[in-house]
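What follows is a set of structures to go through.
Next come two complexes built around chain A: one with chain B, the other with chain C.
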Partner chain A sequence: MFTNLTKLDLKDKKCMSDAGSPKLCMKALPGEGAERSCAYDGARVVLMPITDVAHLVHGPIACAGNSWDNRGARSSGSQLYRRGLTTDIMENDVIYGGEAKLKEAILEIAARHNPKAIFVYATCVSSLIGDDVDKICREAEAGLTIPVIAVNCPGFLGDKNIGNRIAGEVLFDRVIGTGVGSDEKIPLSINLIGEYNIAGDLWGVLPDLKNLGITLQTAITGDAKFDDLRSAHRASLNVLICSKSLTNLVRKMEIRYGIPFMEGSFYGIHDTSETLVNIAKALGDPDLVERTLVYVQKKEEETRKTIAEYKKLLENKQAILFTGGVKTWSMVSTLAELGINILAGGTQNSTPEDFQRMKELMDPSAQIIEDTSSAGFLKIIAEKKPDLIVAGGKTKYLAHKTRTPFLDINHGRKLPYAGYQGMVTFAESLTRTVLSPVWGLLKQEFPPKEGELDG
Partner chain B sequence: METCIKGSKEWLNSMEYRELNFAREKLVINPAKACQPLGALLCALGIEGCLPFVHGSQGCAAYFRSTLSRHFREPVAAVSDSMTEDSAVFGGQSNLIEGLRNAYAVYKPKVISVFTSCMAEVIGDDIKAYLGNAKEQDAIPQDLAVALSNTPSFKGSHITGYDSTLKSLIECLAKPRQEDTINDRLYVVPGFDTYPSNLREYKRLLKAMDAPFTLLPDNSDVLDAPNLGTYELYPPATSIAEMNEALNAKSYLLLQAYSTPTTSKYLTGKGVTVETIPMPIGLSGTDNFIQAIAKFTGQEVPQEITIERGRAVDAMTDCHQYIHGKRFALFGDPDILLGLVSFLLEMGGEPVHIVCTNSTVPFKKAMEKLLAESPYGQGATLYPGKDLWHLRSLLVTEPVDMLIGDGHGKYAARDANIPLIRVGIPIYDRVNLHRYPIVGYSGVINLVTMIVNTFLDELDRTSTDAYFELMR
Partner chain C sequence: MAKTRHYDGNPQKNSPALGATLAYLGVNGLLALLHGSQGCSSFIRLQLSRHYKEPIPLNSTALLEDTVIFGGWEHLKKGIAVAADKYKPQIIGVMSTGLTETFGDDMASALTSLRSERPDLVDLPVVLASTPDYIGSMQEGYQLTVEALLTTLAEHPANTLDQSYAEQAPSIALLPGCHLTPGDVEELKEIVMEFGFKPITIPDLSISLDGHAELEAAPVVQGGTLLEDFQRLPKCSACLSFGLSMEKAGDFLKQMYEIPHLNFPSITGLTASDAFVLALAKISGKPIPEKLLRQRSRLLDTLADYHDQLGGQKIAIALEMDLLYSLASCLVEVGSELTVALAASQAGIHRLSLPIPIEVGDLETFEERAVHSNLIIANSNGRQAAGLLKIPHLRAGLPVFDRVGYPQKRWIGYEGTQQFLFDMLNSLG
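Entry: the complex of A and B
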């Protein structure tokens, strides 16, 4: 069942040094083969789906070169966010400083690319050479009509989580509440926090919200428009979808704007329904609660009926689950709904709370993946011989080499898995993956052993 | 004339903006180059039992692994020593030593290729001294080979990182050259090449011509690994024994002048004979390569190669009408651009815009010479140091029929409504292209096929009923 632990509860009651628990904001072990990205990447991930602004990377080519448009965060409007903008810091800039270059780059973007705002990302190099990105942004902004917002997220600060948190703080300090219009609360409106619209996930949830009469103010951030974000403080409720490190943001919004927050997930039937009902309850409208209870029951029935065929095919398959964020635990129940057992589960980029929830939802016999390096991952595949692996793209080809069916549920995927419709898509993808005829071909001995040819 | 809104699509497509765009100096938009350590990683993967090791912040390694893994659809091994804020203050020595200790214990490499990313270089880490200390502290065995290269992202590009790392690996592993230990082998250096199939093509041709050779480095079985049911961390690659003898080679043949100048200089300095020829793309490029091998072996070109050449020429002849007179835009690395342009000119294709972000003065001269020598090269302009946003302006103001370059070109191609032929790296949005060589005579056939069939697909997709037919 859905466990309700808040971070504070956890700190008091739960042991944070569990084996396999993500080392939140801790240093990575030098020399390990884990695929950890950095604080810069974490900040990029959270802010990149703001589609009508320019994202300028003040760094050497690696930082922007490897990250422009590298996630399937979809936009229904502006494509500006995809433009790969960088100052391309070179050796001379390292010696003489890159501030002048940065300022000119900002002005160029403002004059010619028509952004609603410019986010400027600091990187390891710009920070080490002492470029004052804050100062340059302030100076540039003084002559412009749009905000120029510094994001101080050099990669060396640590893990992706730290970058997520920094991005949240930037949004709180510089964006939310800066709109020119009314500050009045919009009834029955919510923000979805940590919903990046990967593969169009957000669009799978919007119809349900609309059918129930709930207004989405903005996703923070997914298919997000700058002006909607500025008025994010007008929402009546914050729904934390990817709990990660944006908890800070919702806590601050609660204190400053009086917006309560709750956590939820739109992965799987159970979690989608529970989240919708909890939203309705939190919005405090008895009519809405009643409507929602009826609605989710109807949707659940419909969805269960649709996925019944898939469930038959997937029942009793054994899986290894390795992901991050809300999916860490939400996928446990999603897989269970399809009759899939989890042999082992693990996480890297999520909070200890996510981890704890995953543990509580899994069968006690399931193993916790402690060694999250490639070596550890291979070992557990060899030991458990799962029917499928559900994880992020970074482990995909390792899984394939071990001839294990693999489904990407992180940002490398191309199909939306959120909401009721997403559950159907997920079940279909999973079935196609597990039942692909290629796995049978791979297991055939070649050349065949004596006698096998005659069957 | 109606003036359109600044920043709007119409305005960005205008000649007015093109001029402003080309005056842009401090901002790069849609970069067409990758960084030094990415090239270093590609190189290190080609040495047997070699573990690539990034000395720098942790995110860098994750980015490189992800870039290569998505392109090749293979697992890519690399570790990082994950420098953090305190390393910036105290230096990266403890990270390097701890990292080497852990990496050696877990991954048991025969050799470690340590290359730096920006952070270590900005704070001025002395990695040579740190390595000495690591061995002194028994973090790794005294006799473990560790190659060191300095490859910050703020200098050069992926091709220079490849070059420095290749040199460092030879320097670290090769025994000194002595007159009485010189072997009979031709060491062939492919350069920054993201086609395992190209490397296989070189090996096939060298075998067919009976040349004793070593391909250095050879990552073909690492980045196009067979599925045999288990994951091999260290698939076969250029062997340590061959690396040990690298300076005793009879001679070297370098196939990418612009991604190996440092290595070339180093080898020459050690008294090794080095010949550099253009990347064997197109007919004359491949002829050149075959002749260079024949010169090395002192034998005639075997009949089977002549027949193979005949098949390539046949394909070119049968398809000439589809390429002759067509206008092309290209972007990419210097060596691959020279090869592709040379091939297009052979077919009567007309290169119009050539964008090379990591251009050098010698490359510019070589490209201009190549273009000047052909009647089909007269309308071409090389744009050194420009990016894909410049390219976009060129495509929308001076249209061409086709764009050739890596997957990042798809945005500009879409805006200009022309097809993109994917050549280079990264290619995340098409499958298996790295399994089709673009070098050698087979490469000629593959290029002709890709280009012509794409034109014909476009024709079928866009023609009206009146012009839709079975034969093309």
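Entry: the complex of A and C
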């Protein structure tokens, strides 16, 4: 019923013992306050940005009710993916089972919302009460003209990362390669894997791809249309963005469809250029390579010129970097581009490999954040007294209590930071944060000590 | 019943465990420990954090696959012990989830067993709230947790009344429901203090989730009701509870300490505020303070000035029950017409009445039924409905994440009612 976890490319044992390394597939200690999330959340993050399908959560209200429409993944078309749909399992369903209700719900949603497909997410409670989500999806599908796809990923399976990978398996098994059209490869076309179009990140990269003559087949998944995903196997190259959480998917696509894959990142000037050049090389078109080399050089110069004034303002600032998602290592070079030193870095929810890469990129004197709980985070801020904190939104309001400038780089943000344009936006945002006059106001002693009033 | 479908579309419900978290967040020195998987606590932190713009301390027992087979009993024991050792909280507040309630973990026996193994933890108050995700909404979880806080802490052996304690002013116990914002709770306390009372507020979000800059570097609740406040409850001259959901908790105090208890389903609107103020005057034996009479007079003037606009509105409202009733009854009182009244859950549905039937429903139903309205009142998730219907949307309830300052809003009492009506009229654009 569940995906066999041993098949999910969890080959990271080497770095497991490293202090601060995310404990992938390892048990979090009850009560320690690790503040990670669950496998269901991980699957949801990967699949929710498929915009023209319905996402139905078969669980009690805690799974969908607290979380629907809460991520910044944007769509250029259908808004259906933002609709919160859940069977809202109630006490009676727990007692009598929720299968009949689930089947009705699938049929009703198909009729009411006209989706391209329906993804049905199993949860802890639906799994415990023994609802066979796979079977119900098959049965419902038989009466419909659209695919009904079970995502068997209850939260108790593990951390978010496990869920990312299970979502990859689902896409591979049930979506990719199921289109009715041609299976022929599209020349100079790529898939971006692990790009969720947070705040429109993807749209910051598309103009560069277009200028170079590279076609984006689909992002897996960001602003993704179901039919484009079905034809994802027609791309000539898979580009794994920033994270290895979908490595299992690209490996399988390589074996079945002969699509090679490479890793890349669109955060920061250096990484963006390197990724574009590597894509060109991997696509094997000498003309494209030449074009790209010229293009990236021009873009780099332009971008560096634009951000020069920000760099002057930010140079030699001391930062703490703490990411909860996919930007573990690419943010290191992005900050370096602006002349910012990293005092300490840490991560949650990334893979140990990503963590390792971040560690290699950071200055050896930078400290690794070992205790990733709120307590550990506060302790390291108190010790290091950084000029700024770059982290996920989860720690934002905690950081504000320390009266330290903070920039949210995860899914809660409003502005796109990917690509060359994203680098400019990032530099602007960071400058606005670091140089905001409010931090001075926050640090003024009040009431002032005696004698200071006369000044 | 509005709901004939087999699914919730754009649910307005939040989970009961989220309501439990909210109640715990109003108790100083408390560490909330969710007995469930890490996602349960992660979603709650995110949801509350985007509403309050505050860090939300919430720990979990981080259940994984093995607990599905063996149960989470041992994990709960371990979680309480680890949290107690690592964070040294004054109180631990546990809430259960759908996961743990489905496999039926007996939380009380886990606590007893832990205390026999760890005698040093015997004196640490541990509150256990049973809040399965599949029964009710935020309001129910909050209610059950306030009740658990009172029953546990009122009888806890560490909670012996300090006999030397002398009251400077007569105390009064206030039990605000989850429909009241931290700003509302502050207003509530101020009104009560006008009558010379010293309020003991349980839980007190007005000094924990009010968004102040001072914070110690400790991941437990800071601000909120003090543990000592629970010891002072027997000295209270009365208990006032707000929102029908708080009635049972108030009755508990009434029986426990033999003090009068009054429940106010709403304190928004002129009539509701009058009832509240008159009750305070009666209990205190004091005249109504000049300040409140002045506020009342200003509210009356506002009603006269804007009676025409207030009377012309067709309003669709979808909220958790106590807030739904409070705002809707105020609107009815000033002549607005209700078109739809959808509550998040059943609680109180047979006891609260409005000119139109209150039904239980989601925001997809709301969207279908609010077509001929000219204002919708719902939490921020109502934005999809407002956008599709092209109707102005006044944000209320939880979560409100796309408008600034909601947690500081005061929509209760005379002044708060006036502010609510101002906000309502201004939202019409």
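By definition in this document, the second predicted complex is superposed on the first by the 432 of 455 C-alpha atoms of A that agree within 3 Å, B and C clash if a C-alpha of one lies under 4 Å from a C-alpha of the other, contacts with A are read in each partner's own complex, and residues count from 1 in each chain.
Operating definition for what follows: a contact is a pair of C-beta atoms (placed from the backbone, for glycine too) under 8 Å apart; a residue touches a chain by one contact, two chains touch by 3 or more.
Everything numeric in this text was worked out from a predicted model, so none of it was measured.
In this overlay on chain A, chain B clashes with chain C.
Of the two partner chains placed by superposition, A:D52 touches none, neither chain B nor chain C. Residue contacts after overlaying the shared chain place A:C38 against chain B and chain C alike. Look at A:W68: by the touch rule set out above, it reaches both chain B and chain C. By the touch criterion defined above, A:A111 lies against chain B but remains apart from chain C after alignment on the C-alpha atoms of chain A.
Of the two partner chains placed by superposition, chain B and chain C are both touched by A:E91. Contacts of A:L398 after superposition: both chain B and chain C are touched. With both structures placed on the common chain, the touch criterion links A:K379 to chain C but leaves chain B unconnected.
For the contact definition in use here, the residues of chain A common to its chain B contact set and its chain C contact set are 27-33, 35-41, 56, 60-68, 70, 82-91, 93-94, 101-102, 104-105, 108-109, 112, 124-125, 128-129, 155-159, 373-375, 378, 393-394, 397-398, 400-403, 412, 442. Interface residues of chain B facing chain A in the complex, by the touch rule stated above, are 5-8, 12, 17, 20-21, 24-31, 33-35, 37-38, 53, 56-60, 62-67, 69-70, 73-75, 77-85, 87-88, 95-96, 98-104, 106-107, 117-119, 122-123, 152-155, 157, 225, 227, 229-232, 388-389, 411. Interface residues of chain A facing chain B in the complex, by the touch rule stated above, are 27-33, 35-41, 56, 60-68, 70, 82-91, 93-94, 100-102, 104-105, 108-109, 111-115, 124-125, 128-129, 154-159, 373-375, 378, 393-394, 397-398, 400-403, 412, 442.
The touching residues of chain A, when paired with chain C in their complex, are 27-41, 56, 59-70, 79, 82-91, 93-94, 101-102, 104-105, 108-109, 112, 124-125, 127-129, 155-160, 373-375, 378-379, 381-382, 393-398, 400-403, 412, 442. Within the complex, the chain C residues that touch chain A are 5-11, 13-18, 33, 36-47, 49-50, 52-55, 57, 59-65, 67-68, 75-76, 78-84, 86-87, 97-99, 102-103, 132-135, 137, 213-215, 217-219, 364, 381, 384.
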